[in-house]
Amino acid sequence: MFLLPTLLAIIFVQFYPMFYGLILSFTNQTLLRVQTVQFTLSNYQKMFKEPQFQYSLWLQFSFIFIALPLELVIGFFVALLLDKPFRVFKVVRALLMLPVFVLPVLSGLTWRLMLQPKYGVLARAFETLALGPSAWLADTRYAYIAILLQDIWRMWPFMFLLICAGLTSLPQELRESARLDGASFFSETVYIIIPCLKPVLSMAILLRMIDALRIFSEVYVMTYGGPSNATMLLSLYIHKQGFEFGNISYASAMGTVLLFLALPLAYVAVKKSLKV
Amino acid sequence: MKNKILTQISFVIVLVTVAVEMFPLIVIFINSFKKDIDIWMGKFLVFKPTLQSYTDVLTNSDFPRALTNSLIVAFSTTVIAILLGSMASYGLARFQFKIRNVVILILLILRMIPQITLAVPFYMMFRSLGLRDTLLGLILAHTSFNLPYVIALLLPFFADIPKDYEEAARIDGCTEVMLFWKIFFPLASPGIVVAAIFAFLMSWNEFIYALILGGSRVRLASVAVQSFLGQYAPLWGQLSAAGMLMLIPVFIITLGLQRYIIQGLSAGGIKG
Amino acid sequence: MKRCLIVILACLLSMSVWAATVVRVLLWDDALTQALKKGLPIFEQATGIKVELELVPSGVLLSKSLMAVTPDTSDYDLIAVDEPFVPKMAPLLLPFAQWPETDVYPQPDMNDIMPYAVDAGYWRGELWGLPINANVYVWMTRKDLIEQYKDEFKEEYGYEMTVPYTLTELLNMAEFLSKKGIYGWAPFTKPTEGSTCEAIWMFKSFGTDVLEVCEDGYRVVLDKAKAVQAIEFYKELLKYAPPGALDYGHAERIAAFSRGEVFSMFQWPAIIPDHEDPSKSIVAGKIAYTAPPAGPAGTFAIRGCWIVAIPKAAKEKKAAAEFAFWWMAKETGKSLIPVGLTPARVSLLLDKEIMAVKPWFIGIFRAMPHAVARPRFEYYPELSSIIRTHWLDAISGRTSAAEAVDKMLTEIRSLLKEHDLLKG
């Protein structure tokens, strides 16, 4: 099989860093490499006793479970809406992809600019609608909502594009015969499109999820972990421990735990995306 | 009649969606033509446009060179990832074997680990291989995360292709290789295009590896853009200009590859 | 055949002898260091040393340095270290006293460097590097607003309105100006290093330190009563800060001041050029520069110098020293000042020509004698995080001042205990 060389190459490149990371989590090594390295379980013990870790974990998974479904739903509906072969839609589709293409740092900074009280366009809009406090990013609850909005804004076109591609791959005959049989738009969607698209939808969720687990720049640049750690997602906390404090072994341990918690979800998604 | 109203409503919805979605980008676009003082003054549309930011970005810094580097790296890694990845994805999707799901999962694990954990081993690995601060090194590093991504993304597309195509081709005496290139690759083309776009994008915007594995000789756009972030506060005008410049290549690629996404399946698969 | 080989060998040998030394330098990325890049040809010509200058965002400089430098190996010959991290990096660095003699550029006259700036490079009795800039809190005040309102102010408050010399004066003036629609002052409140600076500044101004360095550890000396006083005063000041002041980072502060909304606040010298640039600020030319206002315990200014240091394991130590001395040379300084260098040399700071163009240099000179460092500690990043988290909670009202200080004390103690450094 000609997929073997590829697989071998990847596995080779992946294994060393992966195992290094795993082993690292069982040591006391820090980025400042002056002390002797010892093996210890202390990272894991510390983690489970630390309230910040649990809080960050909770923030991270809430983030994923709120943002991803919304991104999927919006992406799905817009994909359906644009499923017609109008030429202008080509441009529309490319334009809609732009948020995904924007540099994450720039996206976060622009949202920070837009939410600036008194001067930011969004802040003023929200103020006239009497929505939320005057300084969203200074409020613990609204800062979280703000980062959610930023992510949804940026990434629903990702789902959108993937679903568009999926819709194209759908056997046209099935949809045509259904329409000939008099099926309404609604039932055509629910009974034909969704089941056929399940593999693509599962893969979209999976891909989004693995990226959402590592989200960093956009949030960091908007809130730096938020007023009073309100937006300190685990990915940010891991970065803080690793890059700011230099506790790479502790960061590694937290990363490993995050990974293991996400694996079951990933497994289910993979299974679903292979079924035909 | 009902159809017409439905179409009109959907047009309106599309318009509104696009407008909302584009808004922050319009902000960036306008900011790239504003003087810094105007950006923070809050008068959204009232200002004297200036090309100063663009001139600064293109002449003062090494940003153009960084852009070229990024183009080279992103393009190379996309090509490699698509070629190798589609083959691998095809193999995994069409051939059933017991631990298939586990293998796929393992492939994806690297992308689920936080980057900080990978930074140190990658740094050491690359240092000992002498690949630090080289284009080749970065291409390899980017491919390491693009490959699993492409493989995973293409799985449903390859899995979806009905068996009839395969059987018909085999009856016609197709070899394995021909089967892949002449039949499966084109059939999965919508997926492949999307995978290409995303692989390019991942490499284009990727920051951590570029920072750690790059150096004085090889700087990528994603790192060069950071110099507009300033030590304290961003140089908003230049940052927006640089951001816009970075959007252009990806946008062109997406626009260009559009036709492969919406192209219907050539019905000649079975009958031909 | 043999002769060929000998010729080839001779060529190779001579090439390696004539091959230029390459010095690898790692610095932060901004206008100043980019300007340094432009000056490299001068250095290379004078010394024959080739320079590989790598610039990275200052936020990641520490981690990249740590990744690249160990006690035994170093990918760089000269690195920039932000002063709070000197204790952390010290084990990896070559003490300044052991820097090699150089051929072309001499060691700068240490008397010409601002003494408090040199302090930045000291840790446990040794100097670990050369301070490359004189970075200290400079206080900016709007001269034009003083001119405009000084009579009214004198009537209401009974004393001359000047640049606020004490915190109480600042509070009075802020209160007065709030009735005129001007924000008296702007804080720094994003959860990053800047907030730690504010906290330490206030603590010092009210008379308390955080850590005391002992022989083999540290004592926690944070005085709860004074800390609470400091917090309460800061909260008073916050009443006269712009909207959204609880989430004010550099971007927001710079914008607010340049828009003319704020009367008086601190600023880092590297940012001040932006305020004096007419294309970026409407208050250019209207700013007075002094040391920060004094609290009950005196005048204090937080210092944030960068030093350049040579790792112990660096290959080209001599070349690195040459580069550092070239950077510190007066001529180089003179050419770099227009692009943003804040010189550590007294002679450059007080140079009449330069001061005419850079009026805030006198502010640096005034503020530096009051310079105070953030707590010197090997695990400074963790300490900074503890201080700023609870400080921000207290000033935003999420917790009471007393509670916040209690938490600070508890967590600092356990941090010290974790590393076996708690004394007393």
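Things worth noting here:
Letters are used for the chains, namely A, B and C, taken in the order the chains are written, and counting of residues starts over at 1 for each.
We take it that a contact is a pair of C-beta atoms (placed from the backbone, for glycine too) under 8 Å apart; a residue touches a chain by one contact, two chains touch by 3 or more.
Only a predicted model underlies this, so the values are computations on that prediction, with no experimental measurement involved.
Between subunit A and subunit C, the least number of touching-chain steps is 1. Per-pair tallies of C-beta contacts place A-B first. Using mean Cα coordinates as chain centres, the one most removed from subunit A is C. Inter-chain centre distance (subunit A to subunit C, centres taken as mean C-alpha positions): 36 Å.
Inter-chain spacing, taken between the CA centroids of subunit B and subunit C, is 39 Å. Taking each chain's centre as the average of its CA atoms, subunit A and subunit B sit 15 Å apart.
Residues of subunit A in contact with at least two other chains: 31, 113, 116, 118-119, 242-243. For subunit C, the set of residues that touch two or more other chains comprises 60, 67, 249, 251, 255. Contacts with at least two other chains are made by residues 40-41, 119-120, 226, 229, 234, 236 of subunit B.
Within the complex, the subunit C residues that touch subunit B are 24, 28-30, 34, 52-58, 60, 64, 67-68, 75, 249-251, 254-255, 258-259, 268, 270-271, 274, 279-282.
Contacts from subunit B toward subunit C in the complex involve residues 35-37, 40-41, 60-61, 119-120, 123, 127, 132, 211-212, 215-217, 223, 226-227, 229-234, 236.
Listed in rising order, the residues of subunit A touching subunit C in the complex are 31-34, 112-113, 116-119, 134-135, 137-138, 140, 223-229, 240, 242-246. Every residue of subunit A that touches subunit B in the complex is listed here, in rising order: 1-7, 9-11, 13-14, 16-18, 20-21, 24, 31, 78, 81-82, 85, 90-107, 109-111, 113-114, 116, 118-121, 153, 157-158, 161-162, 164-166, 168-169, 171-172, 185, 199-200, 202-203, 206-207, 210-211, 213-214, 216-217, 235, 238-239, 242-243, 248, 251-252, 254-256, 258-259, 262-263, 266-267, 270-271, 273-276.
Residue ranges of subunit C in contact with subunit A, taken from their complex: 60, 62-63, 66-67, 70-71, 88-89, 91-92, 189-192, 242-244, 246-247, 249, 251-252, 255, 379, 381-382, 385, 389, 392-393, 396, 398.
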